[in-house]
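Working notes, beginning with the structure itself.
We call the chains A, B and C, going by the order they appear; numbering starts again at 1 in every chain.
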């Protein structure tokens, strides 16, 4: 007994020493330092955009300053009072929301089918779906233009919303399938035994169970539709033109209107900020897409 | 190896704790002796996992001290305390083989390379893991994984104690029994202190020499399985252990009897004396269903009672009857007659315990 | 999970199928159609595989493809380890965690052309913080003249834009690791590195495959960001496949060759992604057999 006691004490002291060398609080500060560096790297370009939007063009071009010297809201006022500017935001939001609605509505039943049933051609279908995620929008530019032109949808919000379905529906099916597979099948069976019909079960029981999954899916749908420009620009001319396309107007004969461009850019970031704020609690766990 | 002493220990997760109810563990003193096989039994939420984590050092207690022999270890981390812990869900290093899993703690403490294989094989042999030693831990079944978790605790010679946190939860029933026996063998062989947390009385009583029953943040009784059964120190122990649990009657007392809705039941005078001395009005009489005597015929000692129900449980039956409006249960052996409407029961003085403010009183020197 | 055999499930899939077919199959047929014809005004001749041969032999396109692969693998090599590192350093709970989560997600929700704009403003040598800063430090930074500067800036921009995706995937993967694993590791006296190598990394493998897959796909399709920032230049040093294709199809109206190019482009992405897909599938299978719960 005594020898083993002795052994354990000497062990203990060596580990105390090791602990001192590997100081956890120093490690914590090191982590904060590097994380801080990364955050600065992320925020600095955004800061520069925002600060420029509050400067006048003369200030921007006349000299270099870290902070706006004379705070001006002229660019924002111009954007928010000129319909040809702000309608760009409205157009973008319209087709994004339309696309989110369409995508989630058709993806929910499809994802359920993939997560619960085996049916003829299911694997091939799923793989084909995923291939659409990989289709470069550039490939589809011309055919889309011709297709939507011939069916009279050119320059409408619905055209862009449908075009974005190309990658958003497969994405939604894929993400939702992951979350749905995480719900035990017994849940379905119990509900049927309790006398639920399929539609009622799906809406009342199943959908609430994968709330966070739907939240994350909507986040991704928003993200990819909001940030895409190539298709949106090609399929619209004036009536449904996205803000991204309108921004090129700042390139005038006398050079680029930097302040206006920066303000327009800043305003495109805001909807994103709001979306992240709403889904922040889902992101932490749900971002793994049910596949951990 | 060490004796684990808890001195005036208390813990709360609430930084501004005031009332008793804010405490996950209320102030207590306790000693776990070196080499014992102990169980910590209690319902979920009673504080048993908190207690285990305090002993292992994953939690630091808000009040009091944890001593290993004479050394205060409050500030020491689990690795410095040399404690091994097995969790509810098996924790294995998925990408390593079983062999590497078992060798991992040895490599970490810097054991000489040539000593490792012998040690790993010894442990694998005891746990019957030799045949899967070179498989990836990821592909094992749940019970094999749990054995690997235990094995990692056993390979180190220097562990002070092994703590088990409901380790058999995910194991199939027939394997549970095998693993529990394995644990007992290991205990006999290594003479290591083991503390086994569970909410299952059967698991506790088959594994442990002594059981600590926890209730509401306190250890309400620490004793052998037999003591817990025959003389539960707290009404909770009576209720929680045994199936069905102990019968409790709210009574008043005089020097010879307890009074219960007009009935006078004779009881042990020493116990009654203590109850009277306490001056409390919260007095209960408790008797286990196994100790209630059921007679076939009326006699002087027996009370006539109305039968509510007889439940057949295979080797024995449970008789439920009304005693002064309250349902009381008694156990009938297989060979006993089954009373139909009326039954005649008596309460042997020896087995009628008296509880004041939920704690058993009298005859401590028995 | 054992799935039930049920062909009625097709009805659940049907709406989705119709929509995706409309936005994928019909255009794809058009592309295939163009790729085998020579279209002049209103008349078209069948030319078979002519365009495909031209495209495959076009040295300019080959170079764009090589640039594309170098770019994609460079950003993967930077973003994956960096993303893991950031995820490991992010706080696990509290208001700080929420705040950092929101900040890190920010770049993902900036429209891609605005990403280009942000970096244009940031790196211009007359008005940009980085551009002016580098000049002040004595480095003759110039993305419109210097190939290397342009390339490094584009890579940095992509790291800025997409490392958050990898970081968030990993962060969320890390959150899913039960506390008991860390406790067991402490008791086993595992070093910080061992905890990462044997607990965190294995649990991250699934999300990492997703992250690598998504990053590869999107980097292979990158268009708006470099287009706005460098316009593909100087020369064609930052011209990647999407831009080459768009120039060919819209700018020059070479329908046949650009259609053939489209198909080859698509097939390359498919081939690479198929490998990842098989990897994911195998991983899923392992998981199902080994973890009964």
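Everything below uses one rule, namely that contacts are C-beta pairs under 8 Å (C-beta built on N, C-alpha and C of every residue); 3 or more make two chains touch, one makes a residue touch a chain.
What you are looking at is a predicted structure, and each value in this text was computed from that prediction instead of being measured.
Central chain assignment: A. Criterion: smallest distance from chain C-alpha mean to the mean of all protein C-alpha atoms.
The greater number of contacting C-beta pairs, out of the two interfaces B-C and A-C, is seen for A-C.
Measuring from the averaged C-alpha position of chain A to that of chain B gives a distance of 52 Å.
Rounded to a whole number, the gap between the C-alpha centres of chain B and chain C is 56 angstrom. Taking the mean of the C-alpha atoms as each chain's centre, chain A and chain C sit 14 Å apart.
Among the residues of chain B, those touching two or more other chains are numbered 77, 79, 109. Shared contact sites, meaning residues of chain C that touch two or more other chains, fall at 189, 203.
Among the residues of chain A, those touching two or more other chains are numbered 15.
Put simply, chain B touches chain C in their complex at residues 56, 58, 77-79, 83-85, 87-89, 91, 93-96, 104-105, 108-109, 138-142, 149, 152-153, 170. Residues 15, 22, 27, 31-32, 34-35, 38-39, 41-46, 48-49, 52, 60-61, 64, 66, 102, 105-107, 109-110, 112-120, 122, 125, 127, 129-144, 146-147, 162-163, 165-166, 169-170, 173, 181, 185, 222-223, 226-230, 234, 243-244, 247, 258, 261-262, 265, 268-269, 271-273, 275-277, 280-281, 283-289, 291-292 of chain A are the ones touching chain C in the complex.
By the touch criterion given at the top, residues 178, 180-181, 183-184, 186-191, 194, 198-199, 202-203, 286, 289-290, 292-293 of chain C touch chain B in their complex.
Chain contact summary for the complex, chain C toward chain A: residues 1-10, 12-13, 15-17, 19-20, 22-24, 26-28, 30-31, 34, 82, 85-86, 88-90, 97-98, 100-114, 117-119, 121-122, 126-130, 132, 160, 164, 168-169, 171-173, 175-176, 189, 192, 203, 206-207, 210, 217, 220-221, 223-224, 241-243, 245-246, 249-250, 255, 258-259, 262-263, 265-266, 269-270, 273, 277.
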